[in-house]
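Following this line, the structures themselves.
Below, chain A partners chain B and then partners chain C, in two separate complexes.
Moving on, here comes the complex of A and B:
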């Protein structure tokens, strides 16, 4: 009988092609959209972690309260000892210094007169450290448009759009004007070693990146830093782990009333990321639930149409002596086969599209010209192992449930009534 | 002919219509013996198909009894009814009702699958049945490639392949031209004579009546006449 069922599925295009197509499309859409959703939402989390929040961040309490103002006058002091403590207590994390600073960048022409000026959003990172992993974390090598990464003190990377706005190119001198940690004026000259494009318009339009030691020197921040960011060594954000770390770390300083005492914050506690993380979870769950409901209804209807079309066949089979229960079970068996075939096709297509979208993405930089929010200008999907079953299982179940519901009519009716309805 | 394979006593069949009831069959008393080649004849709406459905255990009487192969239809469960049809009764319909996705061979084989016979036994029985109807060379053809007459011959092979004691044929020639109708009827007559299979027709076709040995005339759900005749046609 199984051989007969397979033959019928293969030969009867109406029995197989339409439901398989419906299941495959549904599963494909679930996987592709789910991959896209987690890619887009995950990108934003990842990008925010890498550039702004770390997986955890240690700051002074006062700095944390005024973080929007980049208050380097409230910076953490005695950071060497703090690093020792962090490395000892949390060896699975890499701890790196960051200083965010603001100022004016001036690009002089050959006559030493200003040819362009702009407000800079400065970021000092451990560029020259072999162990910090910052150049890889910020993907600087791949973000280079021109030139190279800074190799010595006095060199700067500048956002590509910013360089264009200033009329500056690799090798040109730039002058930075800002204020030190103690409030006095800070001036420094840099040579552009390279231009970068992060794909985040807000950064590309105003970022300058210098080495951390240069920033300490210019901003008078000896043994001080604005922030110490912690990144899990595998670069994977672990929500539960960082919450425990934060509790342990902050408990040690709970009785310290100094506003410069360190405080640790998790990614979820910064930049309204907590509600964003919750949103990601609930949107993903909602998405799968809606899919299962919609697909069940669609496949129920597909099953009904298929069932109606096959009333004559069921009538013949009844007359030949097949039991209603057996007919019903073979319908479900067919649904399982079709559900599996459709789900496999849909999953394969969904994974392929997700992987392609992960590699190439959709460039939306044209729409992001004036954006100031931290958002990637290339939208990418993200493959995760859960995509292998997130569409497959609902696809299979929706098909089976749809057929079970539509087949109940056959199972419940009296044979004679059914036989008459079958128009045999 | 002495073994009674169908016994119908005081049979009444009513169908609910709106808030009332419609009596399709009333006070039917009949019996059929093994090897009969009989027909229930009468105009449309006289109750022929209803009676055939009850005999085929597709329906059950409202009152009275219908016993087929010693089994009282109204006492049978769904499963037992299916088993009775599967093992003892063959159906031939007005439209041939072949399963379009299967070949001629597979259509005939399907009835045996339900009996869980081995592949070898099925193949032997199917080819034999196709030989009876002269279609052994068409075994691999799909029903869509067959003519009307060939389609009905496959339906006969499907009904006969399991060697049932009883074949119920509901207007089997209604969609056939005269030449094919005669060919079909001759085939059935031959099987009736060789295999001693009981054939019970529902028909109002004169061509069919000419082959029958017994005519039961139904009028408004009642037996108007039950006559034994000498078959006029043996062509």
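Moving on, here comes the complex of A and C:
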């Protein structure tokens, strides 16, 4: 039966080409757009987690309240003990110290006069630690435009556009001026070890990265840190798990009235990421629903056109004594086969385009020259196993449902009038 | 009709009188608070949420365009120097042995975590040069009668669009000041206390500056010693003095 139908589909191109094309295009669009959206939205979540929020973050309560001001005067103290506690209670996570700080970076010329100056967003990370995984997490090695990563105290990485603005290059000295944790003036000299492209305009234009130990020294933050970030060891964000962690950790300090007691926040609770995560979850579902609805209507229409075109054929088959149910079933089988062929073609094309987009992406840096918002300057798709069925199943169902709806007309044909119709 | 004209001219006259009075008051405030030169040793007490710090400095000023400060304590700040010439500000740090010039929006940054910005510290033009004034009332502050003056900027580069100052009616010393942004938002508040007669002029020796956009008690500025119209060697106001 299947062989018979398959042959019929291959021999009668009019019966198969249009529906296969429609299904393939629909499935392709679903996969390509879904991959693109999850790539774009996921990129922003990953980027935010890696640079700003972690999967969870521990801060002092007072710091968390004023986090936008980078208030290092409200930093966490006694962090060694806190690290022990975090590592003991949550061994599946890597806990790393970060200090965000603001200040002025000044580049001197050969006469010790300022040749360039700018406001800096400083980021102190555990660069020299072998276990923190920070250089890999922030993809610093691959982001280097020039030079190398800092290897010793007193070296700094700087956003490549910031370096250009300051007129500074690798090997040049920079002077940092800011405030210590206690409000004193902080001055320090650094040597540029490398320039980096973060792929985020706001960072490329004003970020400097130094080692955590340097920041502790310059900002008077001995055994203190602004933030402790937790990243799942597999680097995959697990929403339910981090919510449970947060509840367990915060419950321990619930009776502590100290405004500098630690508090844990999940990625979803920071930077308005909660609504963003919900959005990401619902976008894919929305796509599938819209696709099934639209494609069902389109394929119903295609099925109706096919049904009209094959009106005479069905009439003859009925006149020859074939049962209505049998005709209907063969039509559905046909729809299943056409749906599978179209969905396979569409899925294959969609996956190819997604993989290409994942590898090469679309460079939008030209459109973001003055952007200060933190978003990637290359838009990429993201392949996930979900893409293998996200278009395939709806493609198949839409084709079958469309044909089932249009095929109902077969049952309305009256055998008594068939010969009269066929004469016409 | 005669009554209306009479009332109209009375109002105009009263307004002119008020404006004239306000300008006179402000001129006397300027005369009292400004001098040819001054040498001030002071403590700046910065109140944080965790602790408080006291920064001691000595400042030299000549006219409205030249000033030089050297920080004496605590150890972390010792040797830091600032020089202001016209609209330029240089800061010298002994730890890096570098002099950095600050300009533009950098001047809006806080000085040593205090409630004062570099811009605030640099602003020493006379009030009459920068603001139009108007007396809007009288109030009692700590038992002293004050005029309440509303000042509105008449120059485009004033740090604050408007100010409200409470001036002691006898001593011509401001006892309170509120600084507003263009939007009308209150940005800073200053309380001036412990007014003493020094070298024939009344001068507040304790001031509290409060940045209204920050939490906390603000920053106290306590004058330990002050000399007016003392000769200051010219080299003090040079960049070479920063590294000395």
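Operating definition for what follows: the second predicted complex is superposed on the first by the 413 of 424 C-alpha atoms of A that agree within 3 Å, B and C clash if a C-alpha of one lies under 4 Å from a C-alpha of the other, contacts with A are read in each partner's own complex, and residues count from 1 in each chain.
FYI, contacts are C-beta pairs under 8 Å (C-beta built on N, C-alpha and C of every residue); 3 or more make two chains touch, one makes a residue touch a chain.
These figures come from a predicted structure and were not determined experimentally.
Applying the stated clash criterion after superposition on chain A shows that chain B and chain C can sit side by side. By the touch criterion defined above, A:396 reaches neither chain B nor chain C.
With both structures placed on the common chain, the touch criterion links A:4 to chain B but leaves chain C unconnected.
In the superposition on chain A, A:319 contacts chain B only, with no contact to chain C.
Contacts of A:12 after superposition: chain B is touched, whereas chain C is not reached.
In the overlay built on the shared chain, the residue A:264 is in contact with neither chain B nor chain C. Shared-chain residue A:182: touches chain C; no touch with chain B. With chain A used as the common frame, chain B approaches chain C to a shortest CA-CA distance of 79 Å.
Annotation: chain A has no residue touching chain B in one complex and chain C in the other.
Contact residues of chain A toward chain B in the complex are 1, 4, 7-8, 11-12, 15, 312-313, 315-326, 415-416, 419, 424.
Partner chain A is touched in their complex by these residues of chain C: 46, 48-51, 53, 74, 76-77, 80, 91, 93, 95-96, 98-103, 105-106, 109-110, 112-114.
Contact residues of chain B toward chain A in the complex are 53, 56, 58-60, 78-79, 81-87, 89, 91, 93, 95, 97-102, 106, 110-111, 113-114, 158. For chain A in complex with chain C, the residues that touch the partner chain are 62, 73-74, 104, 106, 108, 112-114, 117, 119, 175, 177, 179-180, 182-185, 187-189, 220, 259-260.
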